[in-house]
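Next, two complexes with chain A in common: one pairs it with chain B, the other with chain C.
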Partner chain A sequence: MRTKQAFITGVAILAAITMTSAVPGGGTVSGKVTYEGTPAKQKPIDMSKEPSCAKQYATPPPTETVVTGPNNALENVVVYISTGAPDEPPPSQPAVFTQKGCRYIPHVLALQVNQPLQVLNEDQTSHNIHPLAKINREWNKSQPPGTPPIVDKYDKMEFIPVKCNVHPWMHGTFAVLKNSHYSISSADGGFSLPDLPPGKYTVTAYHESYGDQSQEVTIAGSETKSVNFVFKAKPY
Partner chain B sequence: MGKLFAVVLVIIALASAYPIVTHMYVMPEDISTHGHQIDEQLSDTMAEAGISFLLAQFVLAFFVWTFAERKVGVKLKNFPGGAKVMVAAAFILVGTEVLALGVFGQRAWANVYFTPPRPDALQVQAQAGQFAFYFRYPGVDGRFGAIHPDKIDEGNQNYFGLDPANEIESRDDIVSAELAIPVNREIHMMMHAKDVGHSFYVRELRIQQDFVPGLDLSVHFTATKTGRFEIVCTQLCGLGHYNMKAYLNVMAQDDFEKWLKQKASEL
Partner chain C sequence: MRANKSMQWMFLAAALLALPSLAIAQQGEVHVGKVTGHSGAGKQLYYRFCWGCHGFRGDGNGENGPYLNILPRNFVAATFKCRSTPTGTLPTDEDLYNSLGRGFNNSNMPGWISLTKQQRADMVAFIKTFSPRWKSDKPGDPIAVPTEPALSLQSIQHGKELFTKLECWKCHGPEGRGDGPSASTLTDSNEQPIRPYNFAEGSRFKCGATNHDLYKIFMTGLDGTPMPSFADVIKPEDAWDLVHYLRTLQVTHKSPELTLWMSTKEGAEFVKAQKVGGTPTGSGIKQ
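And now, the complex of A and B:
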């Protein structure tokens, strides 16, 4: 009797997941992230202490804490569904974070709760990756050149600043999210969250320097709703 | 066998003196105004310690040679006055040597540490943190902005924890990963550590000074030759210690001013 009950509950949960998660042909939330005001200048990074990295650049690469584009576009903003969408099981393919030229690529890595995280070192120098997790377990690991990827995962939602304990200028962000409905704003500030089943959602935009903001949106059918975010930029 | 040992002793002593007497390993180039005093002090110390070392080895070899075989029926003589007098003599001898080194060396030391920098010396601040050095120049206003450790934001190149939003003095402060200085001008470098102990060492400058957490230390020096020299951390500070270095860039006055302008334009 108990087995039968468990079986039925299992099937019901499965059905619920398939019904509410990404459905191709569902609605889409898309838009642009911009800033108003004066953002901080992107300053050139002096990597002279690490010649193997410095020589990979003709001109020093700029800092990436605030990356802007033409028409006030704001890049590297994580736009995701914070409420309204159910939690989803993690995809099996890993989210890859690469250390190359003493920078993190991508600067902002979005991944799902319990999705495998792979950290690669493509440099000729040792790195020590240190995600400053507060809700998840904090760790830091050294990775000499030529060593296999570091594999880990995070089991709670969190925005985690990442730094390298050897190269102080290296900074990035892990965005650990509960579902697959996320997008990172591109160079023109654009983002798109496709395949949303009908329903009421809270869309949240997170920027590592400017914090987060949210908007409510209701999707009915296969429409495309436009949502724009404007962050207040500060020069310092 | 005992006589062979005495001969080997003399050979080892002479062989170890050879590279020093012939200057097989030369000191790196000296690019500072005070460096020659340090070098003289080092060479005096080496000469004094070297002569004492050789003498001690020769005396030892002599005794080994003389008393290698126990002569039957010959009574051994003691050191005049016994062990107490011998120990006292050793104390006086070594004490005089150490004291003499101190007396002669104090001038070189005082020149670096007990003499204040000239009032018009160029002010530079050095910060050591795991595992990099950063340097700060006061900018056109000639004043350093205050340091707020909670404002440190390394991803945004705010290594010192400045607060330019609220403090005007901070806005023109130039922060650099290399120590650029003009040639033939005295530099007054104020030093602090962000985390643990580190050390600032430039061989060619003949300067080695620890950073101590919680202490504001300073050194002053004048570089006399232009060029690029390595600054290394010489205090074991953690896993990245081997990789903790920066560059000292000694420039002509004009080039230094151009460099400052270039840095100011990046702010």
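And now, the complex of A and C:
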């Protein structure tokens, strides 16, 4: 009787372990990120001090600190599972961060803990890549045109502001996360976290200017749960 | 007999009490040359000389902090400007020891050469107790500094080309006056305004005075400031050429490089244009 119980518990634990990793056909959390209030206006970036970049644009590109879309959509919000999902080993595929036209592409780069990071310079000017890490190590490297990619990785979860000191308008974010369940809100504010095994999760949304907020969600089977986030916009 | 036994117990108790403190003492030790620094002794010195600026907890928030225009170092963050180690790594004990003795030019941090070597080593040991990084990370491997090649005009000329090519002038200015197009926008990692070094003013560099120090500064970068590391993008022989050229920008500081540069027409004209009545002119940026 006792052995049987132990056996069942063992199987249950095993099942729990196998089920916590991503399963295709699992549940999905999806929704939209919006703002209320008046967000700061996206202003055109003055790149006149860097002609090699300025000439790449017919009209000056706008700042990306807060990027909004129609129907109060908020872009560039990192939506991720902060609790409920186990830490995952990093993918071998590098996360690529490109400097092009004196901007960061993508503006927000999500990557996993210990996933290789590659920083490329496709511009005709020198950049310095200065990720202002507090929990991870802060470093600052120069990358003149035509030099090989900078390769690095981060071993702790953190949202790291990235800047180029030479071109003060260049700002970006590295979102270093513990698992692969993340999504960055698109131009319509939409995000989707698929392949979630059944369980209780905390879904967190992080925006570089507006901070973060979380919601609890329970997934049973292959359902799709709708979760929406509304950030209070500040006009400055 | 009875007294003997209780004595034995007391010895045992004393030994047991001493064990953990011994272990701590070993953990809080640093070695600089032949000197071994102890954090226990350093603690007393810290709370006498350092905490007014660097704070009770070593976080740089001492009571004098608000009055200083370059904020005191935050030892909890453990990001240090002057290192012999690559960017993003912890400095060696010797790096910290040297910084402490040298002080930081253009800031309120004096050089603590009035203290003994032992005292400075003790302070370094204590400073390292503020951040858990000293337990989780190891200092980086110091970058190799090859022997300085002989000075030549070609070397200076090539250094000049590199100064343009690597865009040092974007911050340090075309004549090295610290007045480049990006200079006014620079902030350190605490979002405090920070000035690039003005070579024309000729003061000692933040992390030392020698050519060797200058080489290290741009190879390691000054962590926590906008000055990046060039270790991955400059070859050692090119780095020495850049060192030779940078010396010629220090028009108020006598050096073999400046003397050689002034023997050329181009150099003489440049230096003459930089000086009016023996003082550097230009943007007026004072360090």
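What we mean here is this: the second predicted complex is superposed on the first by the 217 of 236 C-alpha atoms of A that agree within 3 Å, B and C clash if a C-alpha of one lies under 4 Å from a C-alpha of the other, contacts with A are read in each partner's own complex, and residues count from 1 in each chain.
Note that a contact is a pair of C-beta atoms (placed from the backbone, for glycine too) under 8 Å apart; a residue touches a chain by one contact, two chains touch by 3 or more.
All figures in this text were calculated on a predicted structure; none of them were measured in a lab.
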Simultaneous placement of chain C and chain B on chain A, clash or fit: clash
Partner chain in contact with A:Ile150 - chain B first, chain C second, else both or neither: second
Chain B versus chain C as contact partner of A:Lys49, first or second or both or neither: both
Contacts of A:Ser142 with chain B and chain C, given as first, second, both or neither: both
Touched partner set for A:His171, first chain B, second chain C, both or neither: first
First, second, both or neither for A:Glu88, with chain B first and chain C second: neither
Chain B versus chain C as contact partner of A:Glu75, first or second or both or neither: neither
Chain A residues touched by each partner, larger count belonging to chain B or chain C: B
Chain B versus chain C as contact partner of A:Asn128, first or second or both or neither: both
Residue range of chain B overlapping chain C upon superposition on chain A, of 24-32, 78-86, 240-248 or 258-266: 240-248
Overlap of the chain B and chain C footprints on chain A, listed as residue numbers: 49, 125-126, 128, 142, 165-168
Complex contacts: residues of chain A adjacent to chain B: 40-41, 43-50, 63-66, 125-126, 128, 142, 161, 163, 165-171, 209, 234-236
In the complex with chain A, residue positions of chain B that touch it: 129-133, 153-157, 159, 163-165, 176-178, 239-240, 243-247, 266-267
Touching residues on chain A, where the partner in the complex is chain C: 49, 125-126, 128-130, 132, 134, 137-144, 147-148, 150, 165-168
Touch list for chain C against partner chain A, complex: 77, 79, 86-89, 137, 165-167, 170-171, 181-182, 185-186, 189, 221, 223-230, 232-233
